[in-house]
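Should a chain be cited, it is by its letter among A, B and C, assigned in written order, with residues numbered from 1 in that chain.
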């Protein structure tokens, strides 16, 4: 499966490399688009030293961890977003006549290697935050774990978004509120958000486990909302639950499609 | 090779139930070349989608190459080739050759076998001149030849063609017909062809099935079909009579 | 002669505005989906501004309510001004060659596109613009101008902002004719527009020379200017003059570009 994906992605990369100037421009511009989110953080902290109790570098740590996972999924999975276009154009039918899972084909469809710029940008910010913050080395093991969980959670979100589009063929943009919205949500310390919103994204849709809960452990901070200590370690559970939910929804969506024949 | 038993497919359209296909039964033996005719909206595309597993039938039993398409879709995919005349299965932005490479990867065709098959198809379909051209820049005739090659790279036992000659000029049509006839005769590939072009039927199909309002209205040889009408009628007259129910 | 021509052209463009409106009215579900997403992002952005204004009350001359209002009104502008895209069919028509058909019509391509775009903007203002504002009002409470004069100033400023936005997007769309990399130009425009319009944060917060520069560039006329008119935080005549200046400059540039493209396509057959 990984091999098939890699080969598909490589074909698109080769096609993109045929125009090297364009490739370079798009990589740089992708970096600039992603960099705007960092710009906002920097401008905010040019006007204040702390935001809802968190410093600039702590915020950049939150941004870096969530964004690294988000950008990786943006590169490798987010093409699923275009499923409603494929349904309307009938190209989903052509994916269904091939001996490979349509999920894989959709994720690799028109793979954009230029998004590597964004991943680099997130990695640089994370690297900076890790070196600027005086973190307890004994807690750093959590960083790769939270990034891995973040990748699973964002992949699940994009899969859910794709599954929803089987029903919302005419309103695919609704689903960006969940995918790109989560990307936006996880850029800042959750202490800036309202209590109800944070409850919702902790207990209903467990987005707080992308970075907020584990980051509290890494940064050695108490939760301003007073959740118990063990919640910091529930990231893998949340990721697993969301992944199962997404897989189920995807199967259901595909079944719905094959029985309505859009 | 293809077997349908009392197959039905209903859609809900604004609370009303529409039967796109009902009580459809037919068998296609290996090596046959069958024309599948019917007026617009008769249920041809629905049938084809059920044959490749894109659409699940609401009743009845479908078997293609011994498999239930809707349950064993990905397994069946390796044994069936499909061409949609109205849309391409190739990748719009990639050169034709890259599209073929992708197909080789998706179908896991051995590199050597692929090479031989591609050379053969390149020659018989005369693709040499535009393998490096992005699909979106191909003419309709070139694209259709490319689509045909793409559907055959994995050497399927069954080839399903949905209006493959639509919009093509006389020369392109002739070359595609020659190719299909040879494919069927030399490789023994079973072919099911839907078309509105009766020239395709006359020149290619020994057997013809006509579907109307979701039911099979005629199933027999081309000669049988012609015999349903007075002598010296053209095939157009015969089919028109069948479609309009005056035959 | 002049009056005669005007008699026939005004109804033509008025009709095009109506067609633009009606054409988008058929995509009501998509527009509502956009409104939903803009609203969700509005809420997330509002929390950032609330936290910032709690740390620095009175920043940029706004109170917290005005800051929240700023956030939702800018979200409401995304649809009508197409801040994240081009929103014109011109690049597509240049690629397909259909642009030649548009250019041989006895009407200006620029005015024609503008008329359709105004219709689109009016529709999206209602369907994609109002919901985020209403949601913002319901969740956080937003500032509402009391004086009719302030409403008049805002609506004039909004219209001017749509003109500036159109004029800019028209230039971006036509550039496809010369610059082959269409996606590159569009991303470049996206970065400039989001960063310099006030879409991210009020331009008053941008530090140093960069802040001073973005406050006088044309993008400020799209988002910052009409928002300040709504909030009553800017001198009305100066702001409208600033917007009018950029509208005229960019529309004039667009007219020149139209002549150039006509020359290129119709005469060179290109």
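Keep this in mind: a contact is a pair of C-beta atoms (placed from the backbone, for glycine too) under 8 Å apart; a residue touches a chain by one contact, two chains touch by 3 or more.
All figures in this text were calculated on a predicted structure; none of them were measured in a lab.
Hopping across touching chains, the smallest step count from chain A to chain C is 1.
Centrality by C-alpha centroid: the chain sitting nearest the overall protein C-alpha mean is A. Seen from the Cα centre of chain B, the chain whose own Cα centre is farthest off is C. Centre-to-centre separation of chain A and chain C, using mean CA positions: 29 Å. Measuring from the averaged C-alpha position of chain B to that of chain C gives a distance of 49 Å.
Computed centre separation for the pair chain A/chain B is 41 angstrom, with centres defined by C-alpha atoms. Within the complex, the chain A residues that touch chain B are 4, 7-8, 11-12, 14-15, 89-91, 93-94, 96-101, 105, 110, 255, 258-261. The residues of chain C lying in touch with chain A in their complex are 27, 29-30, 32-34, 36-37, 40-41, 43-45, 47-48, 50-52, 54-56, 59, 180-181, 183-184, 187-188, 190-191, 194-195, 200-201, 205-207. Of all residues in chain B, only 9, 11, 46, 49, 52-56, 70, 73-75, 77-78, 80, 82, 84, 86-89, 93-95, 98, 101-102, 105-108 touch chain A in the complex they form. On chain A, the positions that touch chain C within their shared complex are 19, 21-22, 25-26, 29-30, 32-33, 36, 39-40, 43-44, 46-52, 168, 170-174, 176-177, 180-181, 184-185, 188, 191-194, 197.
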